[in-house]
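Presented sequentially are two complexes of chain A, the first with chain B as partner and the second with chain C.
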Partner chain A sequence: MRGTGSSGFPYLLKGVISLTKKARSISAKQKRAGWLFLLVASVMIFIFSFYPMISALFMSLKTGSAANMKWADPVTFNYSRMFQDKTFMKSVGNTFLYLIIQVPIMLILAILLAQLLNNKDLKFKGFFRTCVFLPCAISLVSYALIFRSLFATQGLVNMIPTNLHLIDENINWLGQTGTARFVIIFALVWRWTGYNMVFFLAGLQNIEYSVYEAAKIDGATGWKTFWYITVPLLRPVIIMTFIMSINGTLQLFDESVNLTNGGPANTTITMSHYIYNNAFGVGVANFGYASAMSFFVLILVAILAAINLKVGDTRD
Partner chain B sequence: MKRKILSILLAGAMAATMLTACGGAPAAPAADAGAGEEAAAAEEEAAAPAADVASEGEHELSVYAWDANFNIPALQAAEAAYKAVDPDFTLNIITQSGSQDVEQAVTLAASAGDYSSLPDIVLFQDHYIQRFVADYPDAWQDLEDAGIDWTNLGAEKISYSTINGKHYGAPVDNGTAVFAYRTDVLEECGYTIDDVTSISWEKWLEIAREVKEKTGYAMLSMDHSGDDLPYMMLQAEGLSQWKDNTTPVLVGNDAFKSIIEVIVEGANDGTIILANSWGDYTDQTIIGNQVAGVMNGNWIIPTIEQVDENSGKWAITTLPTLEGGKEGYASNGGSSLYITANCSKPELARDFLAYTFGGGDGAIETYDAALKNGGVITCCISAGKSDVYQEGVEYFNGQAIYADIVEMGSHVPVIQQSDFHYNLRTLINTLITNVQNGADIDSEIQSAQDQIEFEIAGSTN
Partner chain C sequence: MTEKKNRSVVQRRLIPSYIFLALFSLFSVFPLFWMVTAATNNTVDVARGKIWFGTEAAVNFKNLLAAAVAQGSGATLGSFMGNSFLYATAQTILCVFICSLAGYGFELYHDKGKDTLFAILLMAMMIPGVATMIPLFGMMSKLHFLNKVWGFILPAVSTPFMIMMFRQNSRNFPVDILEAARIDGLSEFAIFFYMYMPVMKATYAAAAVITFMNAWNAYLWPRVVLTDSSAQTMPILIANMSNGYTVDYGMLMMGVLFCSVPTMVIFFILQKQFAEGITGAVK
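Here is the complex of A and B:
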């Protein structure tokens, strides 16, 4: 008791422990203390994280204004409603479009960049790595706003070709569906490639150089080394970045809000943006419906992550 | 060694920031009195957390408002005017970054069922108030016993803040829509301001094409992420998109269809610029000198006036209509003051609002100062007769635009409003974009009607 007590236990804890029978072994007391410490964190996590989730689940079964919410009739009203909601379905489509196009482009670019920057003989490695990673240090809102002004009708991207007389009329990048989607995907790739590259770089540095040397002796070319050594050994990192990217893309919000504001005609709006609009965007909050849609996103993320883990798992 | 230097540097940087942080606070109040007022206000805002909504003592009221160049000067003017009644009176104006902040504060308080986080009075957007009163009836106190002569206030403006026959709001500004034209550009094409007054939209498109061809200027622009053109153009016809609060009338509404066709035609011709965002609308099309015409609520005038070199070249008039031959009157935007459930001094609050914005004895003093300092134009008929309103405005070539706007405001038709105004506006933006891209107008109108009915059904279930 004295031995453990002197190591700086709070007085309260000391009191609790001194109440226990002396016969208890030191290890049992230490375990109990461990659980006590754990308890504080667990209760906090429950109150601030799990309780809101559970209450959001109940809220998703209710309708009415925030001041006067009542159980929906039928209870699943909000859930069945979202499948008839054309705007929400459009937002699901948009989000998956971003996912399918952007994530592969970004991850492939990230692997290639990591491979390049992992080269032992490369000079100014630190400088290049910082450059590629730097976009991630910029706040989401500010980079989205910068992209918006770059791609504005009178923006820099239009000004250069106009002044060089390559095009006659300014392109309304953010005012047309195709180009607006392109700008969002381009911005996402710019923002997140460096972030994923860092994970690949860390993974690459864990691969023993001797493996590559052995491959070289066996006569493997650069491409073969990459495909048969680097990629399989990077598999866990690839899976992790994939899950993170899918998760991040499904919750995409800032770009849709700040770059295009969902427009034109809701063709670039994401699920999170539409959920936000229902909760805080247009007039009085519809928290019930917004919560229901949030759970839809949760289920999507869970399913996609499970598939991903299953596909990536090589153990039998 | 390197690490040691780094840690010393870091520690030094931290100490320096701490010192400046502690040293900065007492230095600010010592600033000279001239610049002091603004600095002190900013200081107060920074020091006091957002929750500081309490009004202490018998003579203080707190209010949430936004726009330091427009609404805040109006409130300061009212505070000064009310001192004639109560010399100890102070108004604790808490500046918000935008109208959404006030809406969210009310939503938050209502969801929690605890209104103590609200100030005594809030400034609130006209188009939203009906729905907020309907959904959160406990959040408000009405103005029935305030002794305001409601006939002295613009009927159209008051129609927003009257809910179930009860008056809830005291109007601040006047949202009367104006059509401002660059007379020099019109002149280049052989037109005067009279040639674009009382015309039909068809004729307007004709003139606009000519102007575009000869001068390169577009004739009109609008923020297409929140497109108010259809609403204003329909109001100028005396019509609404709504039969009642929850019944939209888009399908079979011929005037509505014609208006959409006018907008699409103008957009395709390049005579109407549909900007991607509010910032593009104001900064690029208006301040960026792309347009020879601006049609919006009169609060857009300060934006027009930001281009110094165009001083004296503008003039304002009324809106075109579909038929032509008559002047179109409409209104857009604007806000009013409402007393919240948290106000513990409702008599003081009512008396203050009635005396100043409600057209009482302090109305002329309030609105004269509000006009001078913020460009806020009254919808109070008696206050609009003051001398300040009769003065010509240099930027508009000596036209007495304020008197003109008050006059126009008295003609704005009262039309059916709806709690779902902004939901529908978003859908109509989509409709216009789709028609512009070649979709069939009738099926698009049908799908907008279906979608708004779907949204209404969802929130009234």
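Here is the complex of A and C:
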């Protein structure tokens, strides 16, 4: 590192002189350079995120096919239609069902796994961590298709109990509402537990080991340390993973399309899937209506994130 | 002697942990293991519940080649894989470059105005993909970017997540270097290229891994913007292959395997960078 050691003195001197001489112009130049650095990225976010968001809002007040859209009469037509649309309401219900059941199971498993892996006496740590993390290595479409094949009527999950003569008839996992929803939740837990575990592991590594040693001396047992030390200290990480999971669940698409195709009878369809079908499905281009529903999703995401941040804010 | 005894007591207490971790590891790995073995069996054996390797890999591969050609428009397995590589690589290079410039600018030149802008940009993180896909589709179609690499990558090149990741990591960039370089007469941009980029290699690696993975695995937006088979990517191919009354599971899993091998290789070689990329923005 040039200019920091003893030989750096001439540089320092030169610097002081030049600083006093043109401090003003340099700082103005630097300020301009600073703006230039972030210009491209900022402009792109405005063009490809904020602008489309606002044009989606305008589009949601219009009806007609893609080429010639007119203002809706009344302008809130798409929104009132949305709340009377049984399939859309079903998709909202499905999404919330996944949210309420899957997210807590996944996060509890993730914290538990991270806690077990953070034990300094544990052997084969790297091996276990790699295994649990491995599902993140494949795409959402890939794992949806794997689970769809595993749970097919003529699939592995049916074959094991059949071969053992435990069941007489194959279960149509993906053809019944309850079991199809179960498969989606099961698959989501499989894919995302390791992902969240990584956050908790990183969070746990920031907790000083001496905290645990002190707790041990005070006679705290494993569960007590977990509830009274680990969970409170991980609070910020828990809230963040919670927000991310809510955000992700509200936007579920790949699984609904490729695992169950929304069926049977739209009982597993997600909001994004239904919106996509309305905008780009075969023979429809209902952009106005799809935009209205997408704005509903946007508002849901914002509300839930705000609630979470409020709950998570410990500064009273 | 007593220490040895202590250690064995500790290990005995950990037995439930080992059992739980082993079971969860099995649960995590098995579907992927099954995917690989199913790719080597014919569909009848897969349906019978065979979970070990078979001898049908070559047949499944041949069927996969045929299924790719059957998508029409002159598409081949090579074109699907090639497109995936092209789009993911282009997106990675541009995204990492543009977002690192911005993260650097936001952290090292920060003032009130820039901090306000940063807070506004972060809000874009909450905009769901479905809320922007319809206007973006219109935009790309007007620009004639449908079925083009630009149509695929432009909306994903600048992301608040990546900017934040580079901003957070720029805190570790020693200000001494910056000041010394300025005194040496280096321009602000020269400092970025010759000082910042080499020092931040680790952050670039993590950012590149996570961007490549995301681009390779993308599905919703590519499905909207890539309407022609010859421009489509691997996830779209395998999703299309599974739409039919009779699904050849051996062939389908061979397709899933092809779609997964590149990201799995990256995962095994660069697992540390991948984990850092996921958690990168929240240090």
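To be clear about the criterion, the second predicted complex is superposed on the first by the 291 of 316 C-alpha atoms of A that agree within 3 Å, B and C clash if a C-alpha of one lies under 4 Å from a C-alpha of the other, contacts with A are read in each partner's own complex, and residues count from 1 in each chain.
Definition applied: a residue touches a chain if its C-beta (ideal position, glycine included) is under 8 Å from a C-beta of that chain, and two chains touch if they have at least 3 such contacts.
Because the structure is predicted, anything quoted here is derived from the model rather than measured.
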Touched partner set for A:104, first chain B, second chain C, both or neither: neither
Touched partner set for A:85, first chain B, second chain C, both or neither: first
Touched partner set for A:161, first chain B, second chain C, both or neither: neither
Partner chain(s) touched by A:93 [first = chain B, second = chain C, both, neither]: neither
First, second, both or neither for A:232, with chain B first and chain C second: neither
Partner chain in contact with A:133 - chain B first, chain C second, else both or neither: second
Chain B versus chain C as contact partner of A:280, first or second or both or neither: both
Partner chain(s) touched by A:172 [first = chain B, second = chain C, both, neither]: first
Residues of chain A touched, compared between chain B and chain C (which is higher): C
Common interface residues of chain A - those touching chain B in one complex and chain C in the other: 66, 148, 152, 154, 280, 287
Chain A contact footprint on chain C (complex, rising order): 7, 10-11, 14, 17-18, 20-22, 24-29, 31-32, 34-35, 38, 46-49, 51, 98-99, 101-102, 104-106, 108-111, 114, 117, 121, 124, 126-139, 154-155, 157-160, 163, 176-177, 179-180, 182-184, 187-189, 192, 216-217, 219-220, 223-224, 235, 238-239, 242, 247, 249, 252-253, 256, 259-260, 263-264, 266-268, 271, 274-275, 278-279, 282
Partner chain A, residues of chain B touching it in the complex: 100, 103-104, 107, 110-111, 113, 128, 131-132, 135-136, 138-139, 224-225, 274-277, 280, 284, 288, 419-420, 422-423, 426, 429-430, 433-434, 437, 447, 451, 454, 458-459, 461
Complex contacts: residues of chain A adjacent to chain B: 63-68, 72-73, 77, 81, 84-87, 148, 152-154, 172, 174-175, 177, 260-261, 263-266, 280, 282-287, 289
Residues on chain A engaged by chain C in the complex (per definition of touch): 1-4, 8, 11-12, 14-15, 18, 26, 29-31, 33-38, 40-42, 44-45, 48-53, 55-56, 59, 66, 109, 112-113, 116-117, 119, 121-123, 127-128, 130-143, 145-150, 152, 154-156, 158-160, 162-163, 190, 193-195, 198-199, 202, 237, 240, 247, 250-251, 253-254, 257-258, 271-272, 275-276, 279-280, 287, 290-291, 294-295, 297-298, 301-302, 305
